[in-house]
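Across the two complexes that follow, chain A remains constant while its partner is chain B and subsequently chain C.
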Partner chain A sequence: MIRVHAEPFDAGGELAAFAARVEGAGAIASFLGLVRGESGGADVSVLELEHYPPLTERTVAAIGEDARDRFALIGFAIVHRTGALAPGEPIVFVAAAAAHRRAAFEAVDYMMDRLKTEAPFWKREHGANGSRWIEARDEDLRDRARWA
Partner chain B sequence: MATILFLGRLRETVGTGVLDVTLPEGVRDAESLRDWLGRDHPALREPSIRIAVNAELHPGSAPLAERDEIAFLPPVSGG
Partner chain C sequence: MGVSASGFVPVRIAVLTVSDTRTQETDTSGAYLAAAIAEAGHPLAGRSIVPDDLDTIRSTVAAWIQDPQVDVVITTGGTGLTGRDVTPEAVAPLFDKVIEGFAVVFHNVSFRSVGLSTIQSRACAGVARGTFIFCLPGSGGAVRDGWEQVIAPQLDARTRPCNLVEIMPRLEE
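Our next item is the complex of A and B:
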(Lines of atoms letter the chains of each structure in order from A and count residues from 1; the text may use other names and numbers.)
(Lines give C-alpha, C1' and ligand atoms only; values in the text may rest on other atoms or scores of the structure.)
Protein backbone atom coordinates (compact mmCIF):
# COMPACT_ATOMS: atom_id res chain seq x y z
CA MET A 1 0.00 0.00 0.00
CA ILE A 2 1.34 3.41 -0.89
CA ARG A 3 -0.10 6.90 -0.53
CA VAL A 4 1.32 10.28 -1.52
CA HIS A 5 -0.72 13.27 -0.40
CA ALA A 6 -0.76 16.71 1.19
CA GLU A 7 -3.04 15.79 4.11
CA PRO A 8 -1.40 15.03 7.47
CA PHE A 9 -1.39 11.40 8.62
CA ASP A 10 -1.38 9.73 12.01
CA ALA A 11 1.57 7.36 12.30
CA GLY A 12 0.04 5.34 15.12
CA GLY A 13 -3.13 4.85 13.13
CA GLU A 14 -1.15 3.88 10.03
CA LEU A 15 0.83 1.26 11.97
CA ALA A 16 -2.27 -0.21 13.61
CA ALA A 17 -4.09 -0.41 10.27
CA PHE A 18 -1.07 -2.03 8.64
CA ALA A 19 -0.73 -4.61 11.43
CA ALA A 20 -4.42 -5.46 11.07
CA ARG A 21 -4.02 -5.91 7.31
CA VAL A 22 -1.02 -8.25 7.14
CA GLU A 23 -1.80 -11.85 7.95
CA GLY A 24 0.70 -14.35 9.20
CA ALA A 25 3.50 -11.88 9.90
CA GLY A 26 5.94 -12.65 12.68
CA ALA A 27 7.55 -9.22 12.60
CA ILE A 28 6.64 -5.66 11.67
CA ALA A 29 9.22 -2.87 11.53
CA SER A 30 8.36 0.76 10.83
CA PHE A 31 10.05 4.11 10.40
CA LEU A 32 8.63 7.59 10.88
CA GLY A 33 10.44 10.61 9.45
CA LEU A 34 9.74 14.05 10.94
CA VAL A 35 10.43 17.55 9.66
CA ARG A 36 13.51 18.94 11.41
CA GLY A 37 13.29 22.42 12.88
CA GLU A 38 16.84 23.36 11.99
CA SER A 39 19.17 22.89 9.08
CA GLY A 40 22.84 23.81 9.06
CA GLY A 41 22.38 25.82 12.25
CA ALA A 42 19.46 27.88 10.90
CA ASP A 43 15.84 27.58 12.01
CA VAL A 44 13.41 26.11 9.50
CA SER A 45 9.84 27.44 9.67
CA VAL A 46 8.32 25.54 6.74
CA LEU A 47 9.44 22.58 4.65
CA GLU A 48 7.84 22.55 1.24
CA LEU A 49 7.64 19.30 -0.73
CA GLU A 50 6.99 19.33 -4.42
CA HIS A 51 6.43 16.17 -6.47
CA TYR A 52 5.50 15.01 -9.96
CA PRO A 53 2.41 12.93 -9.27
CA PRO A 54 2.38 10.38 -12.12
CA LEU A 55 6.07 9.55 -11.76
CA THR A 56 6.26 9.92 -7.99
CA GLU A 57 3.47 7.44 -7.28
CA ARG A 58 4.86 4.90 -9.72
CA THR A 59 8.39 5.22 -8.30
CA VAL A 60 7.21 4.89 -4.70
CA ALA A 61 5.14 1.82 -5.60
CA ALA A 62 8.10 0.25 -7.42
CA ILE A 63 10.34 0.79 -4.37
CA GLY A 64 7.81 -1.03 -2.17
CA GLU A 65 7.42 -3.87 -4.65
CA ASP A 66 11.18 -4.27 -4.97
CA ALA A 67 11.44 -4.47 -1.18
CA ARG A 68 8.66 -7.05 -1.07
CA ASP A 69 10.50 -9.23 -3.62
CA ARG A 70 13.95 -8.74 -2.15
CA PHE A 71 13.04 -9.44 1.49
CA ALA A 72 10.08 -11.81 0.92
CA LEU A 73 7.77 -9.38 2.69
CA ILE A 74 4.20 -10.26 3.57
CA GLY A 75 3.28 -6.62 3.10
CA PHE A 76 4.58 -3.05 3.03
CA ALA A 77 3.25 0.47 3.56
CA ILE A 78 4.66 3.79 2.41
CA VAL A 79 2.93 7.09 3.18
CA HIS A 80 4.61 10.31 2.01
CA ARG A 81 3.46 13.89 2.55
CA THR A 82 3.63 16.69 0.01
CA GLY A 83 2.97 20.42 0.28
CA ALA A 84 3.89 22.71 3.18
CA LEU A 85 4.94 21.05 6.46
CA ALA A 86 5.85 22.49 9.83
CA PRO A 87 8.76 21.31 12.02
CA GLY A 88 7.84 18.20 13.98
CA GLU A 89 5.23 17.02 11.50
CA PRO A 90 5.44 13.46 10.14
CA ILE A 91 6.68 13.52 6.56
CA VAL A 92 7.18 9.84 5.72
CA PHE A 93 5.99 6.54 7.19
CA VAL A 94 7.38 3.20 6.05
CA ALA A 95 6.47 -0.24 7.38
CA ALA A 96 7.39 -3.80 6.43
CA ALA A 97 5.87 -7.09 7.58
CA ALA A 98 7.84 -10.32 7.31
CA ALA A 99 8.07 -13.76 8.87
CA HIS A 100 11.10 -12.75 10.97
CA ARG A 101 12.54 -9.49 12.27
CA ARG A 102 15.75 -9.22 10.21
CA ALA A 103 13.90 -9.03 6.89
CA ALA A 104 11.47 -6.44 8.31
CA PHE A 105 14.27 -4.22 9.70
CA GLU A 106 16.30 -4.40 6.51
CA ALA A 107 13.33 -3.79 4.22
CA VAL A 108 12.47 -0.55 6.04
CA ASP A 109 16.09 0.64 5.81
CA TYR A 110 16.17 -0.30 2.11
CA MET A 111 12.91 1.49 1.28
CA MET A 112 14.05 4.67 3.05
CA ASP A 113 17.42 4.70 1.27
CA ARG A 114 15.69 4.38 -2.07
CA LEU A 115 13.02 6.99 -1.26
CA LYS A 116 15.76 9.45 -0.33
CA THR A 117 17.70 9.04 -3.55
CA GLU A 118 15.16 7.99 -6.22
CA ALA A 119 11.62 9.14 -5.48
CA PRO A 120 10.79 12.37 -7.33
CA PHE A 121 10.28 14.74 -4.42
CA TRP A 122 11.91 18.14 -4.17
CA LYS A 123 12.30 19.82 -0.81
CA ARG A 124 12.66 23.48 -0.07
CA GLU A 125 13.32 24.86 3.38
CA HIS A 126 11.96 28.26 4.32
CA GLY A 127 13.42 30.07 7.31
CA ALA A 128 14.77 33.33 8.67
CA ASN A 129 17.61 33.21 6.15
CA GLY A 130 15.32 32.79 3.15
CA SER A 131 14.62 29.68 1.10
CA ARG A 132 16.89 26.85 0.05
CA TRP A 133 16.37 23.78 -2.16
CA ILE A 134 17.62 20.51 -0.67
CA GLU A 135 19.19 17.66 -2.62
CA ALA A 136 20.22 14.15 -1.62
CA ARG A 137 23.48 14.29 0.35
CA ASP A 138 26.57 12.19 -0.40
CA GLU A 139 25.71 10.26 2.73
CA ASP A 140 22.29 9.39 1.24
CA LEU A 141 23.93 8.17 -1.96
CA ARG A 142 26.42 6.05 0.02
CA ASP A 143 23.55 4.55 2.00
CA ARG A 144 21.73 3.72 -1.22
CA ALA A 145 24.87 2.07 -2.64
CA ARG A 146 24.87 -0.48 0.21
CA TRP A 147 21.97 -2.27 -1.49
CA ALA A 148 23.49 -2.50 -4.97
CA MET B 1 2.10 21.65 -28.90
CA ALA B 2 4.21 19.76 -26.41
CA THR B 3 4.11 20.59 -22.71
CA ILE B 4 7.43 20.98 -20.91
CA LEU B 5 7.55 20.92 -17.12
CA PHE B 6 10.39 22.25 -14.95
CA LEU B 7 10.32 20.70 -11.50
CA GLY B 8 11.87 21.83 -8.23
CA ARG B 9 14.61 24.43 -8.49
CA LEU B 10 14.44 24.34 -12.30
CA ARG B 11 11.21 26.31 -12.16
CA GLU B 12 13.21 29.26 -10.82
CA THR B 13 16.16 28.65 -13.13
CA VAL B 14 13.97 28.74 -16.22
CA GLY B 15 11.53 31.30 -14.82
CA THR B 16 8.42 29.17 -15.32
CA GLY B 17 7.12 25.76 -14.28
CA VAL B 18 5.46 24.97 -17.60
CA LEU B 19 6.02 25.83 -21.23
CA ASP B 20 3.73 24.94 -24.09
CA VAL B 21 5.81 24.90 -27.24
CA THR B 22 5.71 23.77 -30.80
CA LEU B 23 8.83 21.64 -31.17
CA PRO B 24 11.07 23.01 -33.90
CA GLU B 25 12.28 20.90 -36.76
CA GLY B 26 15.36 19.03 -35.54
CA VAL B 27 14.14 18.54 -31.99
CA ARG B 28 13.22 14.88 -32.27
CA ASP B 29 13.99 13.31 -28.92
CA ALA B 30 14.57 14.20 -25.28
CA GLU B 31 18.29 14.90 -25.65
CA SER B 32 17.85 17.16 -28.67
CA LEU B 33 15.19 19.03 -26.70
CA ARG B 34 17.73 19.42 -23.87
CA ASP B 35 20.26 20.84 -26.35
CA TRP B 36 17.71 23.25 -27.77
CA LEU B 37 16.50 24.56 -24.39
CA GLY B 38 20.06 24.47 -23.05
CA ARG B 39 21.04 27.37 -25.30
CA ASP B 40 18.91 29.71 -23.19
CA HIS B 41 19.12 27.73 -19.95
CA PRO B 42 22.52 26.06 -19.60
CA ALA B 43 21.51 24.54 -16.24
CA LEU B 44 19.36 22.05 -18.16
CA ARG B 45 22.55 20.56 -19.61
CA GLU B 46 23.78 19.35 -16.20
CA PRO B 47 24.09 15.55 -16.39
CA SER B 48 22.25 15.26 -13.06
CA ILE B 49 19.10 16.74 -14.64
CA ARG B 50 16.95 13.83 -15.81
CA ILE B 51 14.19 13.95 -18.39
CA ALA B 52 10.88 12.10 -18.28
CA VAL B 53 8.63 11.79 -21.31
CA ASN B 54 4.98 11.18 -20.43
CA ALA B 55 6.17 10.38 -16.90
CA GLU B 56 8.59 7.69 -18.12
CA LEU B 57 12.27 8.11 -17.25
CA HIS B 58 14.99 6.97 -19.64
CA PRO B 59 13.16 7.97 -22.82
CA GLY B 60 16.39 7.45 -24.80
CA SER B 61 16.04 8.33 -28.46
CA ALA B 62 12.30 7.68 -28.67
CA PRO B 63 10.81 10.36 -30.94
CA LEU B 64 8.85 13.15 -29.29
CA ALA B 65 5.30 13.77 -30.45
CA GLU B 66 2.95 16.70 -30.26
CA ARG B 67 0.99 16.58 -26.97
CA ASP B 68 3.82 14.79 -25.16
CA GLU B 69 4.51 15.93 -21.61
CA ILE B 70 8.23 16.30 -21.07
CA ALA B 71 9.52 16.94 -17.55
CA PHE B 72 13.00 18.13 -16.51
CA LEU B 73 13.84 16.74 -13.07
CA PRO B 74 16.65 18.00 -10.83
CA PRO B 75 18.23 15.60 -8.31
CA VAL B 76 15.61 14.41 -5.83
CA SER B 77 15.30 14.77 -2.07
CA GLY B 78 12.58 12.48 -0.75
CA GLY B 79 12.07 10.86 2.63
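Our next item is the complex of A and C:
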Protein backbone atom coordinates (compact mmCIF):
# COMPACT_ATOMS: atom_id res chain seq x y z
CA MET A 1 0.00 0.00 0.00
CA ILE A 2 1.37 3.39 -0.91
CA ARG A 3 -0.08 6.87 -0.42
CA VAL A 4 1.34 10.29 -1.28
CA HIS A 5 -0.74 13.22 -0.11
CA ALA A 6 -0.83 16.64 1.49
CA GLU A 7 -3.11 15.66 4.39
CA PRO A 8 -1.42 14.86 7.73
CA PHE A 9 -1.38 11.20 8.79
CA ASP A 10 -1.46 9.48 12.16
CA ALA A 11 1.48 7.09 12.43
CA GLY A 12 -0.08 5.04 15.24
CA GLY A 13 -3.26 4.59 13.24
CA GLU A 14 -1.28 3.67 10.12
CA LEU A 15 0.67 1.01 12.01
CA ALA A 16 -2.45 -0.46 13.61
CA ALA A 17 -4.26 -0.59 10.27
CA PHE A 18 -1.24 -2.19 8.61
CA ALA A 19 -0.92 -4.83 11.36
CA ALA A 20 -4.62 -5.66 10.98
CA ARG A 21 -4.21 -6.04 7.22
CA VAL A 22 -1.22 -8.38 7.00
CA GLU A 23 -1.98 -12.00 7.78
CA GLY A 24 0.52 -14.56 8.96
CA ALA A 25 3.34 -12.11 9.68
CA GLY A 26 5.78 -12.95 12.47
CA ALA A 27 7.35 -9.49 12.46
CA ILE A 28 6.40 -5.94 11.60
CA ALA A 29 8.99 -3.16 11.55
CA SER A 30 8.11 0.47 10.97
CA PHE A 31 9.85 3.83 10.61
CA LEU A 32 8.51 7.32 11.13
CA GLY A 33 10.43 10.29 9.69
CA LEU A 34 9.88 13.77 11.16
CA VAL A 35 10.72 17.19 9.75
CA ARG A 36 13.90 18.42 11.43
CA GLY A 37 13.92 21.92 12.89
CA GLU A 38 17.53 22.56 11.99
CA SER A 39 19.45 22.23 8.75
CA GLY A 40 23.07 23.16 8.13
CA GLY A 41 23.16 25.12 11.39
CA ALA A 42 20.11 27.25 10.53
CA ASP A 43 16.60 27.03 11.92
CA VAL A 44 13.96 25.73 9.54
CA SER A 45 10.50 27.21 9.82
CA VAL A 46 8.76 25.34 6.98
CA LEU A 47 9.67 22.42 4.75
CA GLU A 48 7.67 22.50 1.55
CA LEU A 49 7.32 19.37 -0.56
CA GLU A 50 6.14 19.33 -4.14
CA HIS A 51 6.33 16.48 -6.62
CA TYR A 52 5.47 15.24 -10.09
CA PRO A 53 2.62 12.80 -9.40
CA PRO A 54 2.94 10.52 -12.47
CA LEU A 55 6.59 9.83 -11.66
CA THR A 56 6.35 9.86 -7.86
CA GLU A 57 3.63 7.28 -7.60
CA ARG A 58 5.34 4.95 -10.06
CA THR A 59 8.70 5.31 -8.29
CA VAL A 60 7.34 4.87 -4.76
CA ALA A 61 5.28 1.83 -5.78
CA ALA A 62 8.32 0.25 -7.46
CA ILE A 63 10.39 0.76 -4.29
CA GLY A 64 7.77 -1.07 -2.21
CA GLU A 65 7.42 -3.87 -4.74
CA ASP A 66 11.19 -4.30 -4.99
CA ALA A 67 11.36 -4.55 -1.19
CA ARG A 68 8.58 -7.13 -1.19
CA ASP A 69 10.46 -9.26 -3.72
CA ARG A 70 13.88 -8.81 -2.19
CA PHE A 71 12.91 -9.54 1.44
CA ALA A 72 9.95 -11.88 0.81
CA LEU A 73 7.62 -9.46 2.56
CA ILE A 74 4.05 -10.34 3.40
CA GLY A 75 3.13 -6.70 3.01
CA PHE A 76 4.46 -3.14 3.02
CA ALA A 77 3.16 0.37 3.60
CA ILE A 78 4.60 3.69 2.47
CA VAL A 79 2.88 6.96 3.34
CA HIS A 80 4.55 10.23 2.25
CA ARG A 81 3.41 13.76 2.98
CA THR A 82 3.58 16.64 0.55
CA GLY A 83 2.79 20.33 1.02
CA ALA A 84 3.99 22.67 3.76
CA LEU A 85 5.25 20.91 6.89
CA ALA A 86 6.42 22.35 10.20
CA PRO A 87 9.37 20.98 12.22
CA GLY A 88 8.36 17.90 14.20
CA GLU A 89 5.58 16.92 11.82
CA PRO A 90 5.54 13.34 10.46
CA ILE A 91 6.71 13.37 6.85
CA VAL A 92 7.11 9.69 5.98
CA PHE A 93 5.89 6.39 7.38
CA VAL A 94 7.25 3.05 6.19
CA ALA A 95 6.31 -0.41 7.46
CA ALA A 96 7.22 -3.95 6.44
CA ALA A 97 5.68 -7.26 7.49
CA ALA A 98 7.67 -10.49 7.16
CA ALA A 99 7.91 -13.98 8.63
CA HIS A 100 10.89 -13.00 10.78
CA ARG A 101 12.28 -9.76 12.19
CA ARG A 102 15.54 -9.46 10.18
CA ALA A 103 13.75 -9.21 6.85
CA ALA A 104 11.30 -6.66 8.26
CA PHE A 105 14.06 -4.45 9.71
CA GLU A 106 16.14 -4.60 6.55
CA ALA A 107 13.20 -3.93 4.26
CA VAL A 108 12.35 -0.72 6.14
CA ASP A 109 15.98 0.44 5.95
CA TYR A 110 16.06 -0.42 2.22
CA MET A 111 12.80 1.37 1.43
CA MET A 112 13.92 4.52 3.28
CA ASP A 113 17.32 4.61 1.55
CA ARG A 114 15.63 4.37 -1.82
CA LEU A 115 12.88 6.88 -0.95
CA LYS A 116 15.53 9.44 0.08
CA THR A 117 17.46 9.11 -3.16
CA GLU A 118 15.01 8.02 -5.87
CA ALA A 119 11.60 9.48 -5.08
CA PRO A 120 11.27 12.73 -7.04
CA PHE A 121 10.12 15.03 -4.25
CA TRP A 122 11.17 18.65 -4.50
CA LYS A 123 11.96 19.81 -0.98
CA ARG A 124 12.25 23.49 -0.27
CA GLU A 125 13.41 24.70 3.10
CA HIS A 126 12.24 28.09 4.32
CA GLY A 127 14.03 29.63 7.29
CA ALA A 128 15.03 32.94 8.81
CA ASN A 129 17.95 33.12 6.36
CA GLY A 130 15.88 32.54 3.23
CA SER A 131 14.93 29.52 1.16
CA ARG A 132 16.75 26.78 -0.69
CA TRP A 133 16.17 23.49 -2.50
CA ILE A 134 17.20 20.37 -0.58
CA GLU A 135 18.83 17.49 -2.40
CA ALA A 136 19.85 14.00 -1.32
CA ARG A 137 23.17 14.27 0.53
CA ASP A 138 26.26 12.24 -0.44
CA GLU A 139 25.62 10.25 2.73
CA ASP A 140 22.14 9.35 1.43
CA LEU A 141 23.61 8.23 -1.89
CA ARG A 142 26.22 6.11 -0.08
CA ASP A 143 23.46 4.52 2.01
CA ARG A 144 21.55 3.76 -1.16
CA ALA A 145 24.66 2.18 -2.71
CA ARG A 146 24.76 -0.44 0.09
CA TRP A 147 21.83 -2.19 -1.58
CA ALA A 148 23.28 -2.31 -5.11
CA MET B 1 9.15 18.21 -37.92
CA GLY B 2 5.49 17.23 -38.08
CA VAL B 3 2.87 19.82 -37.29
CA SER B 4 -0.25 18.55 -35.56
CA ALA B 5 -3.71 20.03 -36.15
CA SER B 6 -3.32 22.06 -32.97
CA GLY B 7 -0.07 23.59 -34.23
CA PHE B 8 2.11 21.68 -31.77
CA VAL B 9 5.47 20.69 -33.25
CA PRO B 10 7.40 17.90 -31.50
CA VAL B 11 11.13 18.53 -31.18
CA ARG B 12 13.72 15.88 -30.37
CA ILE B 13 15.27 16.56 -26.96
CA ALA B 14 18.33 14.90 -25.40
CA VAL B 15 18.87 15.03 -21.63
CA LEU B 16 22.30 15.00 -19.98
CA THR B 17 22.69 14.64 -16.22
CA VAL B 18 26.02 15.93 -14.93
CA SER B 19 26.91 14.45 -11.55
CA ASP B 20 29.75 12.64 -9.81
CA THR B 21 27.39 10.76 -7.53
CA ARG B 22 24.07 10.12 -9.27
CA THR B 23 23.36 6.81 -11.00
CA GLN B 24 20.59 5.63 -13.30
CA GLU B 25 18.53 4.85 -10.19
CA THR B 26 19.18 8.07 -8.28
CA ASP B 27 19.08 10.51 -11.22
CA THR B 28 15.77 12.04 -10.18
CA SER B 29 16.23 15.27 -12.14
CA GLY B 30 16.99 13.40 -15.37
CA ALA B 31 14.05 11.07 -14.76
CA TYR B 32 11.76 14.04 -14.21
CA LEU B 33 12.93 15.77 -17.41
CA ALA B 34 12.50 12.57 -19.44
CA ALA B 35 8.96 12.10 -18.10
CA ALA B 36 7.97 15.76 -18.51
CA ILE B 37 9.37 15.88 -22.07
CA ALA B 38 7.31 12.82 -23.01
CA GLU B 39 4.22 14.23 -21.33
CA ALA B 40 4.61 17.45 -23.34
CA GLY B 41 4.62 15.37 -26.54
CA HIS B 42 8.29 15.61 -27.50
CA PRO B 43 10.41 12.53 -28.28
CA LEU B 44 13.40 11.89 -26.00
CA ALA B 45 16.36 11.81 -28.38
CA GLY B 46 18.86 10.56 -25.82
CA ARG B 47 19.65 10.40 -22.14
CA SER B 48 22.98 10.05 -20.43
CA ILE B 49 24.73 10.59 -17.09
CA VAL B 50 28.31 11.86 -17.03
CA PRO B 51 30.59 12.93 -14.14
CA ASP B 52 31.52 16.58 -13.51
CA ASP B 53 34.35 16.36 -16.02
CA LEU B 54 34.79 19.17 -18.54
CA ASP B 55 35.99 17.06 -21.47
CA THR B 56 33.32 14.39 -21.03
CA ILE B 57 30.53 16.95 -20.77
CA ARG B 58 31.78 18.87 -23.82
CA SER B 59 32.22 15.80 -26.02
CA THR B 60 28.77 14.43 -25.10
CA VAL B 61 27.03 17.72 -25.89
CA ALA B 62 29.14 18.21 -29.04
CA ALA B 63 28.08 14.79 -30.33
CA TRP B 64 24.42 15.69 -29.84
CA ILE B 65 24.92 19.05 -31.58
CA GLN B 66 26.31 17.19 -34.60
CA ASP B 67 23.56 14.57 -34.53
CA PRO B 68 20.78 15.57 -36.98
CA GLN B 69 18.33 13.56 -34.83
CA VAL B 70 18.75 15.98 -31.90
CA ASP B 71 17.08 19.43 -31.94
CA VAL B 72 17.51 20.41 -28.29
CA VAL B 73 19.91 19.45 -25.48
CA ILE B 74 19.01 20.01 -21.82
CA THR B 75 21.68 19.45 -19.17
CA THR B 76 21.09 19.30 -15.43
CA GLY B 77 23.82 19.77 -12.85
CA GLY B 78 27.25 21.36 -12.64
CA THR B 79 26.09 24.98 -12.81
CA GLY B 80 27.04 25.88 -9.25
CA LEU B 81 30.09 27.73 -8.00
CA THR B 82 32.19 24.97 -6.45
CA GLY B 83 35.38 23.73 -8.06
CA ARG B 84 33.64 20.63 -9.39
CA ASP B 85 30.96 22.66 -11.21
CA VAL B 86 32.15 23.01 -14.82
CA THR B 87 29.09 22.59 -17.03
CA PRO B 88 29.02 26.22 -18.29
CA GLU B 89 32.79 26.09 -18.98
CA ALA B 90 32.32 22.81 -20.86
CA VAL B 91 29.34 23.88 -22.95
CA ALA B 92 29.60 27.65 -23.54
CA PRO B 93 32.58 27.39 -25.95
CA LEU B 94 30.31 25.32 -28.24
CA PHE B 95 27.74 28.12 -28.52
CA ASP B 96 27.46 30.13 -31.74
CA LYS B 97 25.14 32.49 -29.89
CA VAL B 98 24.43 32.85 -26.19
CA ILE B 99 20.75 33.18 -25.23
CA GLU B 100 21.34 35.71 -22.45
CA GLY B 101 17.64 36.13 -21.77
CA PHE B 102 17.37 32.52 -20.67
CA ALA B 103 19.58 33.09 -17.64
CA VAL B 104 17.73 36.33 -16.83
CA VAL B 105 14.30 34.73 -17.02
CA PHE B 106 15.41 31.55 -15.24
CA HIS B 107 16.78 33.56 -12.33
CA ASN B 108 13.54 35.53 -12.14
CA VAL B 109 11.53 32.32 -11.94
CA SER B 110 13.96 30.75 -9.51
CA PHE B 111 14.01 33.88 -7.34
CA ARG B 112 10.29 33.46 -6.80
CA SER B 113 10.95 29.88 -5.58
CA VAL B 114 14.05 30.22 -3.43
CA GLY B 115 14.89 33.92 -3.25
CA LEU B 116 18.55 34.89 -3.24
CA SER B 117 19.74 31.26 -3.30
CA THR B 118 19.27 31.46 -7.06
CA ILE B 119 22.51 33.44 -7.44
CA GLN B 120 24.45 30.24 -6.76
CA SER B 121 23.37 28.87 -10.11
CA ARG B 122 24.97 29.72 -13.45
CA ALA B 123 22.13 28.42 -15.61
CA CYS B 124 22.75 29.32 -19.24
CA ALA B 125 21.62 28.59 -22.79
CA GLY B 126 22.82 28.99 -26.34
CA VAL B 127 22.49 27.91 -29.96
CA ALA B 128 25.11 25.74 -31.62
CA ARG B 129 24.83 24.70 -35.28
CA GLY B 130 21.06 24.84 -35.17
CA THR B 131 20.69 23.02 -31.83
CA PHE B 132 19.34 24.72 -28.71
CA ILE B 133 21.23 23.94 -25.51
CA PHE B 134 19.90 24.68 -22.04
CA CYS B 135 21.98 24.16 -18.89
CA LEU B 136 19.91 23.84 -15.74
CA PRO B 137 21.04 23.35 -12.14
CA GLY B 138 21.00 19.87 -10.63
CA SER B 139 18.41 20.36 -7.94
CA GLY B 140 15.07 18.88 -8.82
CA GLY B 141 13.05 21.93 -7.89
CA ALA B 142 15.16 24.21 -10.05
CA VAL B 143 14.85 21.78 -12.96
CA ARG B 144 11.09 21.75 -12.56
CA ASP B 145 10.98 25.57 -12.50
CA GLY B 146 13.24 25.81 -15.56
CA TRP B 147 11.32 23.23 -17.57
CA GLU B 148 7.78 24.20 -16.66
CA GLN B 149 8.11 27.95 -16.68
CA VAL B 150 10.76 28.66 -19.30
CA ILE B 151 11.85 25.81 -21.57
CA ALA B 152 8.56 23.93 -22.06
CA PRO B 153 6.55 27.00 -23.14
CA GLN B 154 9.41 28.17 -25.39
CA LEU B 155 9.60 24.73 -27.04
CA ASP B 156 5.86 24.80 -27.70
CA ALA B 157 5.16 26.16 -31.20
CA ARG B 158 1.75 27.34 -29.98
CA THR B 159 3.26 29.81 -27.51
CA ARG B 160 2.49 33.36 -28.65
CA PRO B 161 3.73 35.88 -29.53
CA CYS B 162 7.01 34.03 -30.01
CA ASN B 163 8.72 30.76 -29.28
CA LEU B 164 11.99 29.04 -30.11
CA VAL B 165 10.49 26.30 -32.29
CA GLU B 166 9.22 28.63 -35.01
CA ILE B 167 12.71 30.03 -35.62
CA MET B 168 14.41 26.61 -35.79
CA PRO B 169 14.33 26.42 -39.61
CA ARG B 170 16.20 29.75 -39.74
CA LEU B 171 18.95 29.04 -37.20
CA GLU B 172 21.47 28.00 -39.83
CA GLU B 173 20.64 30.58 -42.49
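By our rule, the second predicted complex is superposed on the first by the 148 of 148 C-alpha atoms of A that agree within 3 Å, B and C clash if a C-alpha of one lies under 4 Å from a C-alpha of the other, contacts with A are read in each partner's own complex, and residues count from 1 in each chain.
Just so it is clear, a contact is a pair of C-beta atoms (placed from the backbone, for glycine too) under 8 Å apart; a residue touches a chain by one contact, two chains touch by 3 or more.
Remember, predicted model here, so these are calculated numbers, not experimental data.
A.B. asks: Tell me the contact category for A:R144 with respect to chain B and chain C: first, second, both or neither.
C.D. replies: The second partner, chain C, only.
A.B. asks: Classify the contacts of A:A97 with the two partner chains as first (chain B alone), second (chain C alone), both, or neither.
C.D. replies: A:A97 sits against neither chain B nor chain C.
A.B. asks: Please work out whether A:L55 is in contact with chain B alone, chain C alone, both, or neither, and reply first, second, both or neither.
C.D. replies: In the superposition, A:L55 touches chain B and chain C alike.
A.B. asks: Kindly classify A:G130 by the partners it touches after superposition: chain B alone (first), chain C alone (second), both, or neither?
C.D. replies: In the superposition, A:G130 contacts chain C only.
A.B. asks: Tell me the contact category for A:A25 with respect to chain B and chain C: first, second, both or neither.
C.D. replies: Touch status of A:A25: no partner.
A.B. asks: After the superposition on A, what does A:H80 contact: first (chain B), second (chain C), both or neither?
C.D. replies: It touches chain B, and chain C stays clear.
A.B. asks: Tell me the contact category for A:M112 with respect to chain B and chain C: first, second, both or neither.
C.D. replies: The answer is first: A:M112 touches chain B but not chain C.
A.B. asks: Based on the superposed arrangement, let me know which partner A:V44 touches: chain B (first), chain C (second), both, or neither?
C.D. replies: neither
A.B. asks: By the touch definition above, which chain A residues appear in both interfaces, chain B in one complex and chain C in the other?
C.D. replies: Comparing the two interfaces on chain A, one with chain B and one with chain C, the shared residues are 50, 52, 54-55, 117-124, 133, 135-136.
A.B. asks: Along chain A, where are the residues that touch chain B in the complex?
C.D. replies: Residues 33, 50, 52, 54-55, 58, 80, 91-92, 112, 115-124, 133-136 of chain A touch chain B in their complex.
A.B. asks: Within their complex, state which residues of chain A touch chain C.
C.D. replies: Contact set of chain A toward chain C: 50, 52, 54-55, 59, 114, 117-124, 130-133, 135-136, 138, 141, 144.
A.B. asks: Of all residues in chain C, which touch chain A in the complex?
C.D. replies: 21-22, 25-26, 28, 31-32, 35-36, 39, 113-117, 138-142, 144
A.B. asks: State the interface residues of chain B toward chain A in the complex, per the touch definition above.
C.D. replies: Per the stated touch rule, the residues are 5, 7-9, 52, 55-57, 71, 73-79.
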